[in-house]
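Okay, so subunit A shows up in both of these, paired with subunit B first and subunit C after.
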Partner chain A sequence: MIEGTPVHFHRMKDMPSSHLLGTGTPMCAGCGGLETLHNMYDILGEKTVFVNAAGCMTLLSVYPFTPFRGGWLYTSMASAPAGAQGVRDAMDIMIKKKKLPEDENMEVVVVTGDGSAYGMGMSATSGAMDRNLNFIYLCYDNEGYGNTGQQYSAATPHAAITSTSKGSHGYPGFKKDLFSIWAAHHPAYVATIIGAEPLDLAKKIEKLQGMTGPRMLISLAPCPTGWDYDPQLSVEIGHLAVQTGVWPLKEYINGKVTHTKIPKQRKPVEEYLKLQGRFKHLFYPQRDEQGIAEIQARIDAYWDNVTE
Partner chain B sequence: MTRKLLTGNGAAAWGARLALTDYIPAFPITPQTEIIEDLSIWIDKGEMDARMVTLESEHSMITAAGSAASSGVRVFTATSSQGLLHGMEMVYTVAGWRTPFVMINVSRGMSSPITLESDHNDIMAARDSGFLQIHCATCQEITDSVLMAYRLAEHKEIRVPAIVNLDGFYLSFTREPVDLPDAEKAAAFVGEFDPENLQFKGSAPLSQAMAVLGGGPYSYFRYEAHLAVQHALSVYDEIADEFADTFGRRYDIIDNYQMDDAEYVFVMLGSFATKAHNAVDSLRKAGWKVGLARLRIFRPFPKEKIRQLLKGRRAVAVIDQNISMGMGGVLHSEFATALYGMKDAPAVLASFIGGLGGRDISQQEFFEMINEIKQASDKGESLEPRLLYTENELTEIRKLQAIAHAEHEEIHQQRDG
Partner chain C sequence: MFRIRFHGRGGQGMKTASRILGTAFFIEGYEVQDAPRYGAERRGAPIFAYVRADKVAVNERGIISHPDLVVVSDDTLVGMPAAGVMQGIDQNTVLLINSHETADTWQQRLNTQAKIIILPAQEEIEDRAELPYIGSQCAAAAAALSHVISKQTFTQALTEELQHLGDEVVKQNLAVASTAFDAMAPHSGIVKESALPSATDYIKPEWIELPFEKAEISAPAIHSGATSVKVRTGLWRTMRPVINYEKCSGCWWICSTYCPDGAINVTDDKLPDIDYDHCKGCLVCVAQCPPHAIESIPEHIAKEKELAGAKS
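Right after this comes the complex of A and B.
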């Protein structure tokens, strides 16, 4: 985005036409997390420091290459929000003490996977929200410890086969509701996004740019290697996640949760499930009617309570 | 210059204040907490132009310390024991960022068993991290060492963080008179922090703390850090000279007492050296040629200075207030490494472990240590490592064990009966 250009994202043609993030990164083909980051970065602009926790995206900046035009700081798996605290505080102090001109200020953005956000990094994230840290947090959620070969994490959905849940019924647990956990801290903003819905994503980024305080984003990140599907299906799977109601697009502001895209007629969840090898056991060698019905019922129960 | 009666913690806080620290990420832990309380009061009163933020853990605290220093401000922080080890991943990490700041460690024994009292196992765990380590024996030395630590850490040929270590309780809560350096002189001595390339700004793209692929680049950056830490030895001498010229107090890398003609030598770290100091006085009065060498700078390890100092001595007692399970005293191993193969090295280099978890080392024990190394030296024998413990202490623990056993029996009988 060019500085100073008024942006109102109503249609796809309003989206930035130039792209900031460099190409040739080591991310997998069809990476849903990278798709989200691309879209976000174009709107956030160059004056952005990304503070990273251990995960796939750590490999974006490998000495001496980086796809970023601003700042980057890798911290550890558990403490990226604390790293953001130090950078934000230092920049504020330097501006106050006139050691840094105000126009050199940067937005501090934490980038972590679900392994960090849903588990090891949760204490540091909670602390950053307690302190009302002025930062943006992007969790790219590919529903497992993807960088180590997709072991299940607290973000893994029920029944998914992962490399540590290879049994005939897949992962027995249920995906943790991180959105609600974050919202319970009453930060300035919480939203779910997905790279396959760039207009919804852009509107949310634009909205949070006008706010201060913790601005929290969880992006579902379709993952060809972890979810076992052809990379060319990433966008389609992203669309289906929204259309089947698996991934509700919503935001939290001032104590209120609003859905930003309510599917008029939800597609059956199996349309989403059957494209992914991690759910293959629900369809082959024979259809697991009960298993599919249970997953469908949980999605229906969620949406039964959604009014806005 | 003002003379004040300060605890070790108070002296540490004054060091941070006089160094004009900008930013203090904090987390409370006994026996360190008084440091951050003092600083927060000064900030609230407007006596100190700094920002303090309490993080939710030491892991986060050390991350924020490193990331703030990497963004261009002067940072101070403090921890102890469990806190230092909770943050240990980041101790290594931020040292690798080559980011200069000063952290106080108030030494306290490691769990388990959990204790609040002092020994050096916590600080020894940070030995290989890339932090510089300065060990203090008096409250005066703490304030002064914080100022020197900033100079050393921020030196453009070094650029690594530094730990200033003080012993829990023995120093942290003991009041001693401290000559506080004049604020303007202290500010001039420490100087402005020049972040050089460590600064995020909108107009200058910068990636820090990036991953590397392969052992070649990894080894290169690790070797660079090692050489920088080693270089701190020669830089330290320049800084110590300047400090002595400015404030009239000299702090050498090794603090020697009665070493000129000493045949038998105590070697140790930290505040228990003041006990050894007294023992040396008593032994000298009794006609023994005894000396004391207290290491102030433990990282970098002053190997050459140790070799020069101990050449030709008859016997050395290395006192470790730490224990490396299955090996023994860490300091003893390091001295053995330093002296190995040296012509005229002391024939006896004995290891004594004591002062764990706040346990005292009595004057009698110091006398016996010297007696033992002298006898070994006279007989031309070596000496097995000793774990200091008295008959009386053994009786006391046996009593506690008897009570524990009786309690256990009683509960069993109640449950079964």
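Right after this comes the complex of A and C.
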């Protein structure tokens, strides 16, 4: 959004119609993570420093090309929140010493994949929340180590085929509940978002802009390359993730979790699964009734406990 | 040493093609190097892979700058400077192009001394990013042209490399590969090994020599934002979205919000405008536009129409 414009996102029409993030990035055509980032950036604005751990999004800024209009810092996979601490402290000190005018202050925004956020970056993130670091964290969750060829991560859903879970039943483990782990630290804000629901996303970004402290976001990021589907289905799959209840949209503020979109009539999960090659074995050569029913049952169990 | 370069688009299987060919050479007793060029390129983007094979240890490294054979899986890449298909080609190079057009047409169009051979394109496929089996076809044709790989060896190599995809996939690939192998029979042996370079007759490639400078001079700070717009990712596109403004209801620019790349902006008169220099052709906009006002057409056909329009 252009600096100083009051933004209030009530309808799709309120969404920005021109975009801040530069085109020409090396992300795959149809990348769901890029969709989240560009919508988020439009609202956050230019006064941002991105701190990015190794992953697909690292390729956004490859010298001398960058899609950002402000700063960008690259860190190792496990330590983006520690990098954010350094940037935040440096700016605070410079403002205090009057070396940086107060109106040139910037938001520090960590961007990492799920490999970092759900796995090796968790300790640094936990520490940053303990220290009540004033920063925003976006985890774009493509449910695997995308940049290195989609190996499974702690965010990979049960039964998904990845390059390290190629067996006939896919990944045997279960997706980690990062939202709850983050919320258990009692940071200022935790929310789930998705690029396919831009209005919900915009409202949440707008809300966290008025807060200080750790503001944590997890975006499901449909990934045509890693999930094996035609790129034009990226938004459709995002919609289905919400409508089937696979990806609950919710937020945590002041000790309370609220769902921002409760699907009235949840669609059967197979509508979401069957569009993706990584779940093909559930439908071909034979339908795996039991496998599909188990996945459905876990989703139903989650929503049975949701009241608000 | 055989020096073979494969050109294709991300997703067409050129990495696999180089792998299969490398394995075939290996079974025939060669020392082999095969590698895709690893980069940030994604589906639809021009990519290349290469194979070196020799009866003695292969000590040469890096990109092949003087190929004996260049294999092009998608003829729309030939005229694209960024794809670098024509790099280092001379009268000793064989250029194998997967195309509907004839060798004569290409010979005239490119005005090259290289020997051109056509790998006849299968039925017209709309989306060039999805040429099925093209990797296996290209590998088979390259094997046949070299003359030193038997069909039996090739079959063994392909089976080994694709086994993990299941018997059905192997069978289908073998069928098309076999046709491609046989189609190259009249040209078998046309690709010749070229000599090992010696230090004395080494010719420097025509690159620009940059003097060694301090980092702050040779890698200066970038003071401008959004420099990525200098990268023309529109080249990746194999299908082009086209807005029919008569159908466009000028909704809440749903296309612009959903375009992952931010390649659709809304003009002052509230109409969406696609930036073709950067649109990657994912077709999310086509799938999401409520009144179905965006159509997709094959990029090569859109280009031909543009050319025809410019001439008339």
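In the analysis below, the second predicted complex is superposed on the first by the 308 of 308 C-alpha atoms of A that agree within 3 Å, B and C clash if a C-alpha of one lies under 4 Å from a C-alpha of the other, contacts with A are read in each partner's own complex, and residues count from 1 in each chain.
We adopt the following convention: a contact is a pair of C-beta atoms (placed from the backbone, for glycine too) under 8 Å apart; a residue touches a chain by one contact, two chains touch by 3 or more.
Everything numeric in this text was worked out from a predicted model, so none of it was measured.
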Fit or clash between subunit C and subunit B when superposed on subunit A: fit
First (subunit B), second (subunit C), both or neither touched by A:51: first
Touching partner for A:25 - first (subunit B), second (subunit C), both, neither: second
Partner chain(s) touched by A:13 [first = subunit B, second = subunit C, both, neither]: second
Touched partner set for A:181, first subunit B, second subunit C, both or neither: neither
Contacts of A:85 with subunit B and subunit C, given as first, second, both or neither: first
Partner chain(s) touched by A:257 [first = subunit B, second = subunit C, both, neither]: neither
After the two structures are overlaid on chain A, angle v-u-w for subunit B, subunit A, subunit C in degrees (C-alpha centres, nearest 10): 90
Touched partner set for A:97, first subunit B, second subunit C, both or neither: first
Touched partner set for A:69, first subunit B, second subunit C, both or neither: both
Touching partner for A:124 - first (subunit B), second (subunit C), both, neither: first
Lowest C-alpha to C-alpha distance for subunit C against subunit B (Å): 5
Subunit B and subunit C footprints on subunit A, overlapping residues: 46, 59, 62-63, 66, 68-70
In the complex, subunit A residues that touch subunit C: 11-13, 15, 17-32, 34-35, 38-39, 46, 59-60, 62-70, 166, 195-196, 198, 224-225, 231-236
Of subunit A, residues touching subunit B in the complex: 46-47, 49, 51, 58-59, 61-63, 66, 68-76, 78-79, 81-87, 89-94, 97, 99-100, 103-106, 123-124, 126-127, 130-131
Residue numbers on subunit C that touch subunit A, as the complex places them: 40-44, 164, 219, 222, 225-233, 236-237, 252-254, 256-263, 265-266, 275, 277-278, 280-284, 286-288
Residues of subunit B touching subunit A in the complex: 22-23, 25, 49, 51, 53, 55-57, 59-61, 63-73, 75, 89-90, 93, 199-203, 205-213, 217
